[in-house]
Amino acid sequence: MPQNRIEDLHVQFGPFRASAYRVLRFLVLVVGLAAMTAMTVSVVRVEFQSWLTSVLWVCLGVFAGELVLKCWPGSTSKGEPNYLFTTAGAIDMLSVLPIPIALLVGVSADNAWLLASLWLLKLTSLVPGFALLGRVITLEARPLASVLVIVLLLAATALYILERGGQPERFGSLPLSLWWAVTTLTTTGYGDSVPQTFLGRLIAGMVMICGLGVFGMWTGILANGFAAEHRRRDFLRNWDLVTRVPFLRNLDPPAIIALTRMLRPVDLAPRTIVVRRGRPGDCMYFIAAGEVEVRVEPQPIRLGPGSFFGEIALLKDSMRTATVITTAPSTLLLLEVADFRDFMAHHPDLARAIEKEAARRASINTGGAPEERQATAHLVDTLGYDGE
Amino acid sequence: MPQNRIEDLHVQFGPFRASAYRVLRFLVLVVGLAAMTAMTVSVVRVEFQSWLTSVLWVCLGVFAGELVLKCWPGSTSKGEPNYLFTTAGAIDMLSVLPIPIALLVGVSADNAWLLASLWLLKLTSLVPGFALLGRVITLEARPLASVLVIVLLLAATALYILERGGQPERFGSLPLSLWWAVTTLTTTGYGDSVPQTFLGRLIAGMVMICGLGVFGMWTGILANGFAAEHRRRDFLRNWDLVTRVPFLRNLDPPAIIALTRMLRPVDLAPRTIVVRRGRPGDCMYFIAAGEVEVRVEPQPIRLGPGSFFGEIALLKDSMRTATVITTAPSTLLLLEVADFRDFMAHHPDLARAIEKEAARRASINTGGAPEERQATAHLVDTLGYDGE
Amino acid sequence: MPQNRIEDLHVQFGPFRASAYRVLRFLVLVVGLAAMTAMTVSVVRVEFQSWLTSVLWVCLGVFAGELVLKCWPGSTSKGEPNYLFTTAGAIDMLSVLPIPIALLVGVSADNAWLLASLWLLKLTSLVPGFALLGRVITLEARPLASVLVIVLLLAATALYILERGGQPERFGSLPLSLWWAVTTLTTTGYGDSVPQTFLGRLIAGMVMICGLGVFGMWTGILANGFAAEHRRRDFLRNWDLVTRVPFLRNLDPPAIIALTRMLRPVDLAPRTIVVRRGRPGDCMYFIAAGEVEVRVEPQPIRLGPGSFFGEIALLKDSMRTATVITTAPSTLLLLEVADFRDFMAHHPDLARAIEKEAARRASINTGGAPEERQATAHLVDTLGYDGE
Amino acid sequence: MPQNRIEDLHVQFGPFRASAYRVLRFLVLVVGLAAMTAMTVSVVRVEFQSWLTSVLWVCLGVFAGELVLKCWPGSTSKGEPNYLFTTAGAIDMLSVLPIPIALLVGVSADNAWLLASLWLLKLTSLVPGFALLGRVITLEARPLASVLVIVLLLAATALYILERGGQPERFGSLPLSLWWAVTTLTTTGYGDSVPQTFLGRLIAGMVMICGLGVFGMWTGILANGFAAEHRRRDFLRNWDLVTRVPFLRNLDPPAIIALTRMLRPVDLAPRTIVVRRGRPGDCMYFIAAGEVEVRVEPQPIRLGPGSFFGEIALLKDSMRTATVITTAPSTLLLLEVADFRDFMAHHPDLARAIEKEAARRASINTGGAPEERQATAHLVDTLGYDGE
């Protein structure tokens, strides 16, 4: 699966180099496709053909280089299949090979470069949703396709019988009539073939209304399928993150499950302001990875993975008491106030633990000798700290 | 955020002056946009140009005045950013500045006033849903956009190859072909460019059916995202209201959470009939703010915030026993009978408390000396009263 | 509310006379509207004018008669508002009065009868869904309308600027441009005005894609709103029915709530076969009203309200052991096997009670003297009987 | 019901012969419909008429043969109604009889063969979704149809009044105006009749926006209905499978219900790789039917119905430790890792049982004499085995 490969990259180069690589690859793709599109406009081609061709060759070169690097012996870990036989590998080969082959066998340059539209398939590897979409459609394709085919062919036959006399050039054969049926059922309605008889229009009206129904059915199925798949995907991602926070790992299992369903991960660049002093608090944060700085006087405190902050504003329904800034690329788990209250209500033990910690912190924040605060900073590094 | 600003107003002027201000602002907006639209119709412009221009200047003046008032030193509370640097401030400046600037640099009046369409952006600040919409779209934009782009460009390339021979003026370049693809995939179907070859029509049919699918996917994602965001927003709003009702505040936390999910707030103007004697009872009410009058003999009883009424009809499955009218602008929390029964079943303690109170009231309603009733009215002011 | 009135009728005349009345009223409506439609076709009018006019007068007479009967002093119970001031009354008056008034003031007959299209409003009283639709739309109308207006007016202004030069007759004023915008945003796409410039088409493409998004948002909101309202309505209806079945009334409250959410009421005419011997059993039934006959040898057994049947096939995963037929108009509560298993798992007490009863019955069905069976028939009349 | 019949076949011939029969029947259908379509294209008919007619006769013969076989005395089990009187039987007769009858009564061959489009109805028997669709639509048809009719007829009347003067050939009668209304409300927008007056366009715009709303309502209702029906259908199917796994059958009832909602059945052909050594584990499997081979050294182990495998990767969050391949047509129940963790958290007893078994297995896998492993293979055949 393509995702695995990108995750490998993530491990090899760190999240930020991987992200830069993804952005670059995406830019090359956009530039290449734009050049291909411009090539087909005759006015533009006449003037800039050599420039556009160079751009296209460069893009092709980049993709070819990427493919070679990924297939290089040693880049695949033992036990995994060769990259060329994965979906991503097949797509990469489809992006690179057809164009030179077409040019070699004598296809004109104009037509050969149209094969650059295959580069679009690379987008599929950037999108996590395609696997979902595929699975949902596979599950439900049979009933949807049947309804479509039945309505289309019955309507086309009826219109063929009714309209072929009056409009032989538009309804004179079943394929022509099917063309009308598909433009009508999907409510596209080009208007190039329109029934003229009373009965034909009656059937056309019913086909259009069926179109609404088919739409509705399709949407209903996709909506439900997507909802289920999303919940599953989010759960897995959150679970991985939750188990990195010691404070949460020690909850009893049903509480972990409930919390996993509630948390929402946020990836933040360094020096991003997470909460701002004086603003209303609408969520609290657990640190899954990275580091944040709590701007308290006289000296800021740094919190690492496993800490939490932001709970005081939720417990007291008050404003944020300190500004918190990331100091490194961080992944935070965000718990909204609605879910926070729900969770606290059903898990009074955790509620008490968080409240006790919050009270301890409040006493430090308001007074306390600097040495003492340093000591606590050490302690909260494993237990969490309120950054307000 | 714009909402905060309007809430400030709410605090400064009270809910009803704030509401009048919103209606006025909305009217100015509508009148201004109508004048701008009328200006573009040559028949109208010839006759009423001076009138329309005056209207537009007045609207612009109102918006300019609003902006100045809001930026006035002292109108922003300490610690908040300057109004001009908030989203609402930027929108207000976009509404006011471009038109005079355009007129100054010599743009003709006709064209300069078209910039009044930027006033529309003010509508975004009146609508709480935009933040939701934005968040939902941001989360899911990548897969949706990718599917769109892939289908569009592949279909356009295929049709460009198939149809450019027969219809060079409609499919003679990829941009032309993309225009066809976008009108077809979205099922708009202008009918200005229609494929004529058999293969072209086959692909067109598939694009239309993909269009249904993309619709469905889009809808599914938006529907699920909206549902989640709505639940979150309603929970927060209801929580604020529930905690103002003493009777509810003392429930155990999971019961408060469950009730918060069930209640639906209703804002009512003074002298609105809430329940009418003799009608079937389908909900009960908690008073979060304001005051109602229960029309019982010999003398009506007034109930303030924290009281409840309407539960007798639900407990006994009977008709309303008294008419209840608001005497001040009020916010009531409505608990539908379906939810009432569900809640009573799962929280027998509350059920008993409400039943006891209802029994006590019934005995007062049917008999009891006036003095005694006065005393109870005092009591029910904190405990709730059945207004039927 | 119109529903109340129809329910009154239900009480006055019994469900079947009320149903006949509804069908008749619906037929008169259909015939009247068909006649009105036919009147506008000149070919038909020339030949059948007098016939059609007579039909229309008859329909008008029927509606007038209905209105008079409903307003008749004494037909309204005390305490209710006069019929004429209810929504249904207003609709009935709108159906009856405008046509004669129009004829009196001298409107030509052709035009006056077009007012018969107001009869359509009567359909609203036959449909329970309108109140739902109204409530859902009211709640969410503001954000939806704002998005529509903003996209429409911004797109129209942009196209007005871009296209007015090339196509003055189609984009020469903002209202013309708005017409294009609305046909495009709703993906109707008549094709009467189509942008020709590159930028115009780019914006048009974005408007179409926005159209998909607006669709999606709209659908998501309506879908969620409808789901919530439906659940509420079904709960209330089922609750009424469940409380008529003694066996269910004695469950503990959370079990009643759970069951109420699961049951699905079915209205059946007399002599309908409910379950057929030898077919696989996929649900059991509780009798809320009416009577059924269990065809067991040597002599059928009759079961009245409060009985249940069909549980043996579910408990043993076997075929139906007897045919059951209604002997009177009946309302049965259907519990599907999926829900049956879920419910039994969470309520072991009820499971045991039903199993004991089923075992007792099985012993009777297989053997047992006729007298004994008669005795049990008496007993099961209150306790339920398995009709398989 | 058609499904029953196909299930009978399943029992008679085994799943794979039944599946081959279904594929064959589907192919005959596709070929027949393609031939019918080709017949209507005059260019094709001139050249290949005799070939196409032969193909059509062969298809008809196949369907006739199928019908005869199914009606053959003895093919129906006692107590069931005759095949000809079931829905599937009626469809089969509609496929076979009308064509020869039409030819006999003298209809031309071209027209008679158009009746082959009735063969499409056979598709309904292959699709389980139609019953669902029907039930959902029946439940909600009344409100949907009413909204459609009201909007259509009111809009048509308004446009008839407004536009009949200017465009008598397009809006000159109510039926013509209705044709416009239906193409507009469904957002089909042929563009053959377009309002020209200002008021007409205003109403048209509102009709289009209503179209979005009707779409949304329709979709919402269908989506909710489908979701409920799907859950019910999946539950029943899974329940049948779960009760075949001894390990699961002994759980307490609420756990069985919860698990039944989570499992997803997968049908696999023989020699399919289920899990691959070294891949990340994202689900575990229970064997409902068939047999799998766990490729462990020194000798693979076979697991039959009632066993489970794949849990070690989930418990340890590790890679698969062995490859598992089916050796016979198998039905596996798949439990995704998200659901696995949820289930383990709420059913600690089962969690302990699975963990103990996993620990025992791990010790065998790493060491242990071959004889001992043979013995365990016997044991795990009833208890389950981890195939990683």
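Per-chain residue numbering starts at 1, and chain names A, B, C and D are given in the order in which the chains are listed.
FYI, a contact is a pair of C-beta atoms (placed from the backbone, for glycine too) under 8 Å apart; a residue touches a chain by one contact, two chains touch by 3 or more.
Just so it is clear, the model here is predicted, and its values are computed rather than measured.
Peer 1: Between B-D and A-D, which chain pair is linked by the larger number of C-beta contacts?
Peer 2: A-D
Peer 1: Looking at where subunit B touches subunit C, is over half of the residue numbers used by both copies, so same, or under half, so different?
Peer 2: different
Peer 1: What whole-number Å value describes the gap between the mean CA coordinates of subunit B and subunit D?
Peer 2: Inter-chain centre distance comes to 39 Å.
Peer 1: Quick one: report the Å distance separating subunit A from subunit D, using the average Cα coordinate of each chain.
Peer 2: Result: the chain centres lie 28 Å from each other.
Peer 1: Residues of subunit B that contact two or more other chains, please.
Peer 2: Expected reply: 175, 178, 187-191, 215, 219, 221, 223-224.
Peer 1: Give every residue of subunit C touching subunit A within the complex, in rising order.
Peer 2: Against subunit A, subunit C makes touches at 187-191, 219, 223.
Peer 1: Which residues, counting only subunit C, touch subunit D once they are in their complex?
Peer 2: 33, 36-37, 39-42, 111, 114, 117, 120-121, 123-124, 126-130, 133, 137, 148, 175, 178-179, 182-183, 186-192, 214-215, 218-219, 221-227, 230, 277-278, 282, 336-339, 341-342, 344-346, 348
Peer 1: Inside the complex, what are the residues of subunit D that reach subunit C?
Peer 2: Touching subunit C from subunit D are residues 79-80, 140, 142-143, 146-147, 149-150, 153-154, 157, 160-161, 172-175, 177-178, 184, 187-191, 194, 198, 201, 204-205, 208-209, 211-213, 215-217, 219-221, 223-224, 231-232, 235-236, 239, 252-254, 256-257.
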